[in-house]
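Two complexes, one shared chain (chain A), two partners (chain B, chain C).
Here is the complex of A and B:
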């Protein structure tokens, strides 16, 4: 044992030629250099802002906002911090609704590009090639100026079926009107939804173990609907239908969104979906050809081939690049400043224009978007990990 | 073993090179800022460094607007024209002796202070309202007001709106990053008038939204609204399709802005404005500025930098010590004229804006324009 270590000692080169030492040294040097650059830049910022008489620090967040925020309870007397939080909520409203929509549109178009129907395939290709190659800001301005501003003016809204109120200012649709017991109702539905997940898993296991049809959609959906209907009547009809009504320049009732919101949503969904479509197409083509040939040999229909053979395998390849498209979508919401949708970037820039310090506000924005993006990629990476092939 | 070793060394070398490249390019970038910085900070102690920088460069970098007819606008031939633009020319005439030695930097409302702080522009003349917060925390110094404005509201003539109190449940378009949106919020919140603000970054986008009926009110400085109304497209009914409501709900003193820290440069800009006012008061304009060679008035001789003969027969030329060549006022007045001429050319009754002098008249005519004595 000792002799072995002695030989190692003897054969070890001097430290400046020792690979183990050098490797660590290279890492340390890189970290030190990076830290120096950061310190230098930070110092630069502090000296320059001090020289210009601009204060550093975040006390300004308690100052009054000074402006009202559209369709929200935030007014000029709320603080800048509250305004920024409202901005994040508005950003979130774009993200939560947009991601599912763009995924569905992207998958449909991506599959359509590979369709054997000539017209469908060419139309999908045309859409992808046009939209994918235009900067998102131009698409947003186009959608806003041509589609949304082309709707009826604010004071002459169209109301198809009497269920909607559509103008270029507000688009509103039917929604629920909550009365006493609505909270209990939603709790019951939520509990049923959780239970439905377990039912789904149980049915899947039964199916795998015995081969009997799982009917998991019918079972779980049925559970939720059943509980919902019972709760609705037991609690004395806590929800009623609320339709939007236009009167005295104002739309009341229903669920409403500003024209600006729909400009952003439509433009960004259409833009990002074109990228997702390409990812989906590429992923499907990356599935080994033998797989679909085998599916054909088993006499699966076109839909069955997609649903059970190609798409599940393509999804494994597609998820990581789609995550990065989700992040792009989230970051592109900051372009709303072009069409007056009050998301967080617009509110921060308003504050900067009104004399609040730019470095801090921009830092807050950057940190906020970082947290947003990291959360999305954290959640989706879990999904990704669960979808990957498990080698046993 | 040797091979891998060599690779590690190569990697280290490459890493160092990359980092070195990064740092040195950072150095390059920030040494510019630092240079600009020393410029501003040194100005406080030694004086005149913005002036020196402008004279070295031979061009004035003037931050302006390009979308407000009458104040700062790019005309059909691509030239900047307007009231604010004339003051950029006046500064260039006074400092460089050439009214055309101006580099116009088009800025939107949100960029303007950052451009000023970073040294990208020497002076900001872009219908900017003087407020305490801007003076105090933007690193900016506001100078003598060139135009006393106030905020108003423009609506379509057929909208059935006669006053701000008729505007419940309306949507109002406003430019973001302006005092206008602050005043809008104060006026409507205090009046208890529910409304929805739509804050756009640029006037052309507001115009699109206003035409489409997305917003019913357009609020801005009254002078701006007058300019926009005068340019209203004929297919939308021309200027008659719009009315500007009577109520003025804010004070908007507009004037030039410079960086904090160079009081000499600030004094120069101040006195250029004041000289145009004094010239109007003394009846000096661009057509007669050369004809005062033998005037008896020492006040005029001092302003125009003409020789003054003392009681003992010795002659001297008055120099207030602003750091400008004597006779700079002659350059300014021959280039852009006195205050009245600048006003009439860009905003007056012969222009599409058709504004009256109102509070922007000389103090001798009951207005607010009052220049300290030039002596």
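Here is the complex of A and C:
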């Protein structure tokens, strides 16, 4: 035994061929190289900004924004920081409304591509093959310049049913008007919604244990509606309908969105849904064929087969790539520069144009998007983990 | 008594009953969609044959090359021909190398016939025909014909090359490709910055992915390195870039890059945009290559070690050739996505095809006529043809390479 260790001792290579030494040396070299590059760039940054009389801090965030943000309380005299925050809210408005819409459209089209109806399948294929091979920015510009700007002009909005007000500047629809007690009402509904989740779980358990029908939709939805109706009348009707009204060249009331917002929403939903549809189709096809044959053998209808057998299994395969499509959608909202919708990238872009320091603004922008993307992928990965089969 | 039962050939009525009217709701859908489609087709025909294409016809050159100096306009033409030749030679070399590989492994290799090629590339040919219908001089037709015929002649002439010539085939492709770029850079007033129109989209996409490839390869190897520091540096870079939108990198390239470089090294606008695209693309290429690296079985690495090869030789001679072959379809997909993303450069002031499609609407003859639908649809078709053809080719390759099969 000792002789072996002696041999290794003796044949230990010189340090320039010793793997242990080389590994450390290579890593030190990598760190030094990266540090040198950063120091060089940082050094240049300091020199160049000093030469141009630009400060390197973040004090500029307190300076006036210089532009109004339409349909928001932010005006030119607000600070850049307030403008950027409003920009993030506008980005969020695109994301929150867009993700559910594109999911529904994508799933419907993906399922339609596998329809037994030849015409439906071909039409879905046509949509997917056309849309996903065109640049998203081009779709945005097309929707904006052709569809949205083709609507009635700002001063002559159309108002179908009297419920909407549609022009190429603002599109508005009916919404709630809150009075005293609205906060209490929404709190009651929120509590009922949480309770409904527990009822849902309880009914599922009862169903699994005893086999009696769960009726969980009826039970939980009923709870929310019941609480809502009671709270509505007990609190003295805190909500009322608010319809958009066009008067004195202004639309008031209802819920309003800028034309640019709808250009972005429509274009990005249509574009991203075409990618989601491909994922959905691939996932359904990846479900073992025996599964749908088994469903057929059980005489399930086409819809039942999809709802109870194919889609639940396809969902597990589809979720990770769909998450990455959600992230793409989020990043693509930055294309709003093309139609001047005031989301965060446009605010930063305009501030740079107004002579504010570009390096800091772009850094803020990048870090913001990074946090945004990481949050979305963090939340959705939890969802994904809960959906995956626990094996082994 | 071995009678084989063959299905009777379905009549049209039977086919329709089975595929269009098999359930009541499918019948309803068919009727509704059929009416809708007929209406759509009618509208499309009316628009396609009813409108005046003057805005495209007059601005075709602007769409294609932007404001490239008109007294040097023959350069883009020559560049296109060289590009076609490079493509033909590259395809021939790839075919020859596949044939030799198949012969070595005793497998059948079927070379595509001209008819198959037409079927595969019909959108491209149809687009060229449509574009030529818009031209007014004979030069574009001469160019298109020499590009297609030259490329095809080179492909059919050179694909029978012997094994020893394959290396020279790749070399020639590279030289032709570089020449195609050089013709529109060297000696042009303004160099890269004279580019515009569709040319800038195509060349930014090609230059972007070609230059990003080595960086992406290094990042992918770095991400799988056994050295923790190298791994962390690579992962940080890749995940940072993948977490931010391309437009923020373009803004950085255009507005902030200058601050990080000494005055003497500050590049012009086209190079700044290219640097941003390369930085962005390297991270995505790295992820594609990583996918390929993961597909190589571990036994290959161990076999290399058993042969006593040093790590870099194992990587270069054993791992990479297998990994990179497996990444070709995904790399095409990445190229398509970059090709579409090049439209973003118009947001930072480049005169690309999308910008052309917008500004021609402000020309005095067309202002207020609301022809956006036509100009944007035209730009859309330009992108669609390339993107669709490439994605079909990628699918074909995927099937051929047997990737993703279980």
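In this text, the second predicted complex is superposed on the first by the 337 of 392 C-alpha atoms of A that agree within 3 Å, B and C clash if a C-alpha of one lies under 4 Å from a C-alpha of the other, contacts with A are read in each partner's own complex, and residues count from 1 in each chain.
Going forward, contacts are C-beta pairs under 8 Å (C-beta built on N, C-alpha and C of every residue); 3 or more make two chains touch, one makes a residue touch a chain.
Values in this document were obtained by computation on a predicted structure and should not be read as measured data.
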item: Chain B versus chain C as contact partner of A:379, first or second or both or neither; value: neither
item: Partner chain in contact with A:338 - chain B first, chain C second, else both or neither; value: both
item: Which superposed partner A:138 touches (first chain B, second chain C, both, neither); value: second
item: Partner chain in contact with A:39 - chain B first, chain C second, else both or neither; value: neither
item: Touching partner for A:118 - first (chain B), second (chain C), both, neither; value: second
item: Which of chain B and chain C A:369 touches, first, second, both or neither; value: second
item: Touching partner for A:355 - first (chain B), second (chain C), both, neither; value: first
item: Which of chain B and chain C A:17 touches, first, second, both or neither; value: first
item: Touching partner for A:225 - first (chain B), second (chain C), both, neither; value: neither
item: Footprint overlap on chain A, where chain B in one structure and chain C in the other make contact; value: 23, 26, 30, 34, 41, 44, 47-48, 145, 149-150, 337-338, 349, 352, 358
item: Contact set on chain A toward chain C in their complex; value: 23, 26-27, 30-31, 34, 41, 44-45, 47-49, 116-120, 123, 129-130, 133-139, 141-142, 145-146, 149-150, 302, 331-332, 334-335, 337-338, 345, 348-349, 352, 358-359, 362, 365-366, 369-370, 373-374
item: Chain B to chain A touching residues, read off their complex; value: 1, 4-5, 8-9, 11-12, 15-16, 19, 22-23, 26, 30, 33-34, 37, 40-41, 109-110, 113-114, 117, 131, 133-134, 136-139, 168-171, 173, 176-179, 181-182, 184-186, 188-189, 195-201, 205, 208-209, 212-216, 259-261
item: Chain C residues touching chain A - in the complex, by the definition given at the top; value: 19-20, 22-23, 26, 29-30, 33-34, 37, 226-230, 233, 240, 243-248, 251-252, 255-256, 258-263, 336, 340-344, 346-347, 354, 357-358, 370, 372-373, 376-377, 379-380, 383-384, 387-388, 391
item: Touching residues on chain A, where the partner in the complex is chain B; value: 17, 19, 22-23, 25-26, 29-30, 33-34, 36-37, 40-41, 44, 47-48, 51-55, 66-71, 75-77, 145, 149-150, 152-156, 167-169, 248-250, 258-260, 337-340, 342, 346, 349-350, 352-358
